[in-house]
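Two complexes, one shared chain (chain A), two partners (chain B, chain C).
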Partner chain A sequence: MIKRLISRLIEFIVVLFIGVTIIFIIIHLAPGDPSLQFCSPTAPLEQRELLMHRFGLDQPLWKQYTIWLKNAVIQFDFGISFFSGKQVGKMVRQALSPTLLLTGLALLFGILAGVFLGIQAAIRQNKFFDRFVTTIMFAFYSMPSFWLGLILLQIFAVQLNWLPSSQLVSVFHEQFSCGARLWDYCRHLILPVSTLGLIFAASFYRYSRNAMLTALSSEYILAAQARGTPRNHLIYRYALGNSLLPLISLVGTSLPVLFSGALMIEVVFGLPGLGRLMTDAVLTRDYPVIVAAALLSFFAAIIGNLMADIIYLIVDPRLRHS
Partner chain B sequence: MRIQSPGLHLFLVILGLLSTCQQKQSVPQTAFIQPNQDTLITSGGVLLAALNAEPETLNPLSALSEPARQVIGLIFLRLANINSDLTTFTPSLATKWDTLPDARALRFHLRTDVRWQDGVPVTARDVQFTFRLQSNPAYGWDGLPFKTNITKVAAIDDSTVIFFFKHPSRTMLMDAVEGEILPEHVLREMTPDQLLAADFNQQPVGNGPFQLVEWKPQQTIILKRNPDYYDYPRPYLDRVIFKIIPDNANLTRQLLSGELDLAENLLPRDFERLSLRWREGKGNLRPVSFLGRQYDFIAWNLVEPSSYRSLDHRRTDNIIDKLRPHRLFGSRTVRAALTMALDRQRIGEIVNGELFRPMNGPIPLILWAYNPNANHIWEYNPARARQLLSAEGWQDNDYDGILEKGQIKFQFEMLTNSGNIRRQHALTLIQDQLKAIGVAMRPRLVEPQVLIEKFIVPREFDALLFGWNVGLKMELTSLFHSSTFFHPFHFTSYYSTTFDILEDRARAALDTRLAQQQWDKIAALLSEELPYTWLYYKVDCAAIHKRFRNVIIDQRGVFVNVAEWWIPAAERLPHDRLFLNQP
Partner chain C sequence: MTRLQGMRHSRFWSNRNCRYGTIIVGLILLMAIIGPLFAPYDPTQQNLEQILQPPSLKHICGTDFYGRDLLSRLLHGSRISLGVSLSATFLTMLIGIVLGLLAGYFRGWLDKFLMRIVDILLGFPRLFIILLIVGISRSTLLMTIVVLAGFSWMEIARLVRAETRSILTTNYLMAAQALGLNHFRLIIAYILPNLRGMLLTSTNLLIASMLTIESSLSFLGLGVNEPNASWGTLLSQGRLDPTGAWWVALFAGIAIIITVVGFNLLGDGLNQIQSESRT
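What follows is the complex of A and B.
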């Protein structure tokens, strides 16, 4: 198993290096001249050239890349934003916390709700509960997240005026008492977390229901049933564990979503976060921010896969002994 | 208030111009909301205003975007502020000014009671220092062209400063007062590279009515009243809180749910909705419409892209000999025919509703030099357009519905930026109307950055549907003067020595009447030669909560006089009382 882990780690480093290189090159080759974005249109050519020099964009691409790689790997310095002049690392860190809070809570909600309902629906296959929940979940699954968000906003923020329509906290947050601040956070997070969480739940529901149905129709369950094992024991002791295995991959591949998958939600609910940071950076051709944010998502994707592999190795005895 | 960007215009109107406001009432150029005369002015209250994007910086020297300028305008002072007539000025940091006898120098007398927000007094040396930074291209200040006529700025004593000019001009005062004054004691030691990443960009030390409390990225920028502001008891409001809301739907929701007091650039349907509520006496939001700062036009490429490609972009001599006229739009008659083929009034109505004004020439409607009678007006007349094209040799000999001349078919591509529904609609209408006279136009939407880099800067296009944001200084140099031929937005490649002479004279004229004559001639020349076909001038839509008094909103912006806004005590909302008696 150790050998397999080491081999996966080496693969991880190689993939990361290739990915970083591709991201850097593609972004720098994409059309859009930052000097036009960050310079007055009436500025003389010399001023634009000065700006290109300041951004290091007058260097050949390979040189820009080696400088960036050296700074990023050795000093963990991702440069300075063309747009704001701030340290990119700091900008990404600032944007990361609200995104992680939102997506983390939504993912947790999605897993718990999706898996629970999926199992219950599988146990009650073809009954009213199964048909009803499956229909609802398919509706959420096929619905764009921003659309669901808009519906919830219209009902709870505009019509009923129960919950705030945007931002992570109220503008008067600092004036509140400690308990009121916590409640302020909760009120602002209910709608975006529910929106994203329901979409996640729908996805986990489908997988867990199918996996549970497969497990319940396996021969070892039939054998246990024939031996007279009680139904609850059968379901929760034997079928549940095996039906959860495919979910490990699903959770692993969902990890990048934690970092970048909430863009539409961030826009609809006016929340700060990595998605908005990246979108703004793309629109303004702020290369250092785009590269850093893309790198983070890419890193999360391969880490997610790696972690899924490792967990598989731990929980699946067949892989452990192969 | 902001005298926008150097040249006449020159900011891309890409963001959010989806406007087709359809309010049927008349459109005032300036909206005044007068104070109640029978109520005492009281301090206290909070303004919740929307910004449509995150400011890139709060440093006046490096700010380019409108949101950044709006916030900066509340934190920093200028020497003087422009009035609504866009020609005269009101004292601000300077109490008065006079012209020295040789007419090439302006002397400003500064207030002695203004302090930077760290307690240091503002002096003439700050003004001198600011000029040094503004006029150094290495700092990349976008208002640099305002300062090109200024040779030196000298601080005579702490409260007197003199601006020396190369030659006398009508715009000396505007040139001198353009830009906010910066603190020398904070920025003195900084090189241009250091300033790019300085803390000052996020934590500015200003001298204006408000000062920064907190900037939460992508969320809010909170300003509080400057307790040491010279003009006590102004500002009356305790806080100005900017909420960063890039999404229009979100903006409207927040307006309707009372989470915002002020928003501009509203979508037409939202403005209509708010207007209806206001007329029915339901809402608290007063809709305000006023002649804005944006217009749209079709730019014709006057030269063949290949001939432009071959030019040395650092030399402006003998340009005209090296350029080949565009196969279609090199002819003025063709441009005139295409302009006559377009029902511009109809296009304006369909894409803007009632909220637009027709535009027939190069001078923006809000500027002093605008004279509607000076423009040559090309009436909608498709029959005449066909005749003109026929006289130029364009005929449909193969009866395929498209005109041709020899082997050349009259077909071309018209580009516009994606993300602007108003222009996309206009493009379709233009296509239909040109088709009626046998001209095949293919519309093409291009991502804004790609449009600029791949098409506009290298001038690789036939025709372009585009828009400008209007600056408050009257000049057309950046668009049409041969001295800016290679500038990115001189993209029609228009070259006319007549225009150059007229514009040089207009800018040099010291007498308003003489200047007006030259601008009239320029308007006539350009509206006859048609490097652009001007389409429509936009009316802006905003909304503000009715509890605010003494509000002025006009073409200078929605934050012109925020320091003078106040809220009657009886109309305060609960959050207006949160900061009462707080520093």
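What follows is the complex of A and C.
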């Protein structure tokens, strides 16, 4: 089993390497010129060449690539942002915590609410509760996350003015006491977390309801029923135990969402997270930031898959013994 | 034969998801085809005396920032939104089916090679990559479609491959092989027809997700350029002025949701019919 994990790990490193290389090539072969972000197209050619030289873009592609790779691997140095002049590594790290906070909370909410409602709906199949929740969840499932965000923003921030509409903290955040600061964070996070959480909940709901229905209609449940197993035991131990397994892989594959899934939500709510960093970098052609952000999201996808593998190993006794 | 088709038909129609899905999708498609003919105003005609009018009898969905009639823009936008998502889906299916069949039917090194590519591409963060390529190349609609398909075909290929492999073990296929039919005949006449149900389901679900991604891209300002507008573009214009003009984002969003719901319903329903007929 360890062998399988190691071979997966090697595979992942290959994916990471190929992914970053492809990103690098795409970025640098794409038409357009980042120096045009800083001076008008009519600026003298020398000025643009100077900028290109400063960014290291006058070098041939393979040389830029090897330099980047060397710095990234050996010194963990991802270069300096063209646009803000800051260390890219630091920018990414700063953007990481709001994103992780947002997506972590939303994912938690989504899993808890989605799985709980999914089980409840499945054991009441075709009753009013099931129909009602399934319809609502289907609507959330079909909704673009950013639209839900806009609507909640409109209702709670603009019309009712209960909650702030953007940013992670208030302007006077620094002057608040400790408790007030925490409250400030909460107020700013309620809308984005519930938006994203509802969207997550919808897909977890669909999944767990289906898995639960499949489990409930299987023959071992019938057999257990015939033996006189109490209903609660039947549902929560027998059916749930078996339907949780595919759910784990769903959670694992949705872990990359921790990093990139909030992209649209961050843009809507103006949160200074990774998603917004990425979009801004793409729009301003900030090459080092794009590459670093891409690296991170590849990494996230890999970690997610790896964690799903490991959890599978822990949970499923059949895998452990084979 | 006709009786069998009749049964199939009624089973399709008696499934609630299929029925509602078909009706919604039919209406939406009808709207995209003939809707623009009935648009009350020119969708690009600016009327600065009537900017940001709330919904009224004159402008059923209100007007936008430049006084353009939103209903007309929605009707015209449906062609772009649906056109992009349908053609991206078509391309995705095409790539996925061809590569999946190749991998599943011929196996060997080709299978290994293709599945390795699938594994690698599935590890890519999709929205971000699409955003990156579309954003950086200042792309055209065609480019957007190609990029959407280029990063979406993998799941289809996987499904087709798995299904093909299981069909290869069936008796009727071995009988056909024994008749000495060539690979092409076998694939076209014996394997593809059996993939039909699965492919129909995935097509519908794929259209729904394409529509969402396209609207996300347009929302970020990377999709369709002014003065044309897809539904996502209209949505993003609603964001310009969140203080009052709620209708700008609302109606475009509702159009997107209804369409996505329609295709999802149809996909779910087809899936249910399929799993019923299997058991």
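To be clear about the criterion, the second predicted complex is superposed on the first by the 317 of 322 C-alpha atoms of A that agree within 3 Å, B and C clash if a C-alpha of one lies under 4 Å from a C-alpha of the other, contacts with A are read in each partner's own complex, and residues count from 1 in each chain.
Just so we're on the same page, a contact is a pair of C-beta atoms (placed from the backbone, for glycine too) under 8 Å apart; a residue touches a chain by one contact, two chains touch by 3 or more.
Only a predicted model underlies this, so the values are computations on that prediction, with no experimental measurement involved.
When the two complexes are overlaid on their common chain A, residue A:165 makes contact with chain B and with chain C alike. Once chain A of one complex is fitted onto chain A of the other, the partner contacts of A:272 are limited to chain B, with no touch recorded for chain C.
Looking at the shared chain after the overlay, A:94 reaches chain B, while chain C stays out of its contact range. Residue contacts after overlaying the shared chain place A:285 against chain B and chain C alike.
When the shared chain is aligned, chain C comes close enough to touch A:151, but chain B does not.
Looking at the shared chain after the overlay, A:264 reaches chain C, while chain B stays out of its contact range. Look at A:215: by the touch rule set out above, it reaches neither chain B nor chain C.
Judged by the touch definition given at the top, the superposed model places A:11 against chain C, while chain B stays out of reach. Chain A residues 31-32, 150, 153, 158, 165, 267-268, 283, 285 lie at the interface with chain B in one structure and with chain C in the other. Against chain B, the residues of chain A that register as touching in their complex are 31-33, 36-47, 50-51, 54, 80, 83-87, 91, 94-95, 150, 153, 157-158, 161, 164-169, 171-172, 175, 267-273, 276-277, 280, 283, 285.
Those residues of chain B that touch chain A in the complex are listed here as 5-7, 10-12, 48, 53-54, 56-57, 62, 64, 137-138, 140, 142-145, 192-193, 196-198, 201-202, 216-220, 222, 241, 243-247, 249-250, 253-254, 256-257, 259, 313-314, 447-450, 452-454, 457, 478, 484, 486-489, 575, 578. Of all residues in chain A, only 11-12, 14-15, 18-19, 23, 26-27, 30-32, 138-139, 141-144, 146-147, 150-151, 153-154, 158, 165, 256, 259-260, 263-264, 267-268, 278-279, 282-283, 285, 290, 293-294, 297-298, 300-302, 305 touch chain C in the complex they form. Those residues of chain C whose C-beta lies close enough to touch chain A in the complex are 119-120, 123-125, 127-129, 131-133, 135-138, 208, 212, 215-216, 219-221, 235, 238-239, 242-243, 246, 249-250, 253, 256-257, 260-261, 264-265.
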